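Could you have a look at this structure, given as structure tokens, before my questions?
Per-chain residue numbering starts at 1, and chain names A, B and C are given in the order in which the chains are listed.
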Amino acid sequence: MIGITLLLVLPAAAAAQPYRGVHPPPPHKGSLELGGGVFWAGGYDAGSADANETTAGTAPLTLFVVDGRMKSGPGAAVQVGVYLGRRVSAEATFHYSRPILQARVTSDFESAPDVNVDGTVTSYLMAGSLLYHFGRGRLVPFVSGGGGYLRQLNESNADLLTSPEIHGGGGVKYWMGRGSRRFGLRLEALASARHKGIAFEQKRRIVPSFVAGIAYLF
Amino acid sequence: MTRRGGSAASARHKRMFVWTVVVAAMFASAPAADAYLKLGTRIGTGIANLRFNRFPVRYFVTNRDVPGVTAPQLQQAVERGFASWAAIPNTGLSSQFAGFTGAPPVNGDNANVIGFSTRPDLDRVLGSTSFTVDTITGEILEADIFLNSTFAWSVAAAGEPGRQDVESIALHEIGHLHGLGHSMLGETELFAGGRRVLGAEAVMFPIAFAAGGINRTPRADDIAGLSDIYGNDQFRNTTGSMSGRVTKNGTGVVGAHVIAFNPATGKMIATFTLSDDGAFVIAGLEPGLHIVRVEPLDDADTASFLEASFKVDADFKVAYYTRIVTVPRGGTARNVDLTVTAK
Amino acid sequence: MRRVLCCIFFVCLSVALQATVILPIEFRELVATAPVIVHGQVVDVRAEWADGRRSVETFVTVAVTEYLKGDLGEQMIFRVPGGQLGRYRTIFVGAPEFREGDEVVLFLKHSGPSYPYIIGLSQGAFRVVPEPRTGRRMVTTPIVMGRGGDEPERIVRGDATRKPVTIDAFRDAVRQVLAGARE
């Protein structure tokens, strides 16, 4: 009976004491994590097209050639996550960026100089992810995967394209402080696959991005 | 005028479909109304586009053979030409062959006649369209198409070397019959003995492919032009337009040829700047991203495209608009302003 | 009722003038094939019935400044299809229009006793207008002319060498072609 009493008392006593472990206390089920930062999205080939005129033969006459590329560029990222356990969290992510869609116009039939023709795209990504964290302590690697919804508008908001996307990646969090509430730094690399977007040619594309920011766990 | 063909023919001709002219341009109009070169005439103080208001268009075919083409073959080619335009959706065009006639395609008989005619004075004209208009009422009394029998013609399915394709020329002239002007979407080259078409992305390009070549399918530019005249709400709700100006040293450029290219579809649609401020409108565009190019009308008689009173400025270099233009569905991308420099 | 037919008269901001399929002609060929090349000023434009009242044509009278080729007298008359008679207009789409006072250089042919006509419907009609800024008389219709070799030459829009030329330069170009043809 004394042993049982001790077993019952000791955990209670432990819970009542301040945490004095070597590592910061791990998140528990229900812990929340907020994050924000910047990301850099990689560019991608936006498709090519020849401005052709019909001829009497089989080969068309090319008036000019257009090669499109979505240029890489920065954006802002926000994450809101909830831990489902010590290692697993579910996260909602929002990315905002304004990349430049650039068309390189070449091979003009009338020998006009090659020229870049640009357009600014406003891109929104709303996604959900599952994260698995490895280990414990200050430096916590993780992997993530999920899916979301990409929305892109042209510079005058006159066009709207949406596409589902799936992504996967991984990164590391570095927690500072010893309390259960603490700030940390977060670095992450992602690959996002989508089959539509503002481009000259619609096809499946994989867009890499790198995220750096801060996180707050509580 | 003494009518030809006797009283029965005259009565029939009086019952002929008579077109009325729509006075369009003198009123404020949506951008699409001025988006293309269209045939027209001054009626009183107003300006009227030539267009049909009632369908089907009834036409006669001159009962005259030429070497290589019989009158029935001509009629079949003409019928295919009319059908090609009528196949354009959301325009409601139709035609009706009213029979063969001994009358040539000339004016003064109040009948729409299409046929071969010997015109040695028009030695470099393969075919042409003519209208007769009452300038008081605006009524179009008749329209005729002649194909010049001084040339060699063919109705062969794949064309015939050394002979002009009847259906290709008929298709072009029937486009004019419906009120379309010329398109400048084409390139040419000089060669020993003359000038020839290298490529054309409109059947309304005024120069035919060399004899033996065929051009029997309306392109995006033709379709947009015809839809601009006859298109219904469905057409306007599913397409978009862009508007802007072409300027040089701050001054508007008249007669500049502006081309909108959609890389996703490969379609090109074009227009001219038609006012002193260099303004233009391109309508009938598929929604989406476009590259815009401007070039001068400096390789042709401007009267091939624009009325002689236009003070066309062709002294500039080919240029591109530096922004990608997104054309909205059912709307207009505005302020597409291109700056050109002198040669 | 006697009905008279007239030339249609194209205007309208969105109106095209020509509705014709043509075989284009290169400048050297134009110079070579024209029996008459005349520079002058339009002094009269008159539509009349022609061809046994089967068509309306416009007869244009030109006070001749000079002949670069041929000679049809101090005043000459040529014809173009279409015209306006009374309230009715006949449009021969593609036919050039002329007004009194127009200065023109015309490349003409004639067949038999009939009035001469412009080669290629309008291809043989070159307009001369004063340049607003300088007042120089410029031929606004472009001269599309090759180098004269056997190789095809692409016609490039925006070509810096192809600009409106003064009437003197145009005249010289015609004479050069004529001289070259005689060699």
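As a working rule, contacts are C-beta pairs under 8 Å (C-beta built on N, C-alpha and C of every residue); 3 or more make two chains touch, one makes a residue touch a chain.
The structure displayed is predicted, hence computed values, not measured ones.
A.B. asks: Farthest chain from chain B, going by the mean of C-alpha atoms per chain?
C.D. replies: Farthest from chain B by mean C-alpha position: A.
A.B. asks: Which chain pair racks up the highest number of C-beta contacts?
C.D. replies: Result of the pairwise contact count: B-C comes out on top.
A.B. asks: Taking the mean of the C-alpha atoms as each chain's centre, how many Å separate chain A from chain B?
C.D. replies: Averaging C-alpha atoms per chain gives centres 52 Å apart.
A.B. asks: How many angstrom lie between the centres of chain B and chain C, each centre taken as the mean Cα position?
C.D. replies: Here the centre of chain C sits 22 Å away from the centre of chain B.
A.B. asks: Compute the distance, rounded to whole Å, between the mean C-alpha positions of chain A and chain C.
C.D. replies: That pair's centroid distance is 67 Å.
A.B. asks: Which parts of chain C, given as residue numbers and ranges, touch two or more other chains?
C.D. replies: Counting only residues that touch two or more other chains, chain C contributes 154, 156-159.
A.B. asks: Hunt down the residues of chain B that sit against at least two other chains at once, touch-wise.
C.D. replies: Residues 187, 198, 295, 317-318.
A.B. asks: Can you list every residue of chain A that touches 2 or more other chains, as numbers and ranges?
C.D. replies: Residues 109-112 of chain A each touch two or more of the other chains.
A.B. asks: Can you list the residues on chain A that touch chain B in the complex?
C.D. replies: Spelled out, the residues of chain A in touch with chain B are 47-56, 60-61, 63-64, 66, 68, 101, 103, 105, 108-112, 115-119, 154-156, 158-159, 198, 200-202.
A.B. asks: Quick check: in the complex, which residue numbers of chain C touch chain B?
C.D. replies: Of all residues in chain C, those touching chain B are 1-6, 8-26, 29, 51, 53-56, 79, 81-82, 84, 87-94, 96-97, 109, 111, 114, 117, 119-123, 125, 127, 140-142, 144-146, 150, 152-160, 162-164.
A.B. asks: Considering the complex alone, what residue numbers of chain B touch chain A?
C.D. replies: 185-187, 197-201, 209-210, 212-215, 219, 259, 261, 263-264, 266, 268, 287-289, 291, 293, 295, 317-328, 331, 333
A.B. asks: So in the complex, which bits of chain B are touching chain C?
C.D. replies: Touch list, chain B to chain C: 1-2, 4, 25, 33-42, 47-49, 104, 106-108, 120-136, 141, 169, 172-173, 176, 180-182, 187-196, 198, 206-208, 257, 274-275, 295-309, 312, 314-318, 343.
A.B. asks: Quick one: in the complex, what on chain C touches chain A?
C.D. replies: 154, 156-159
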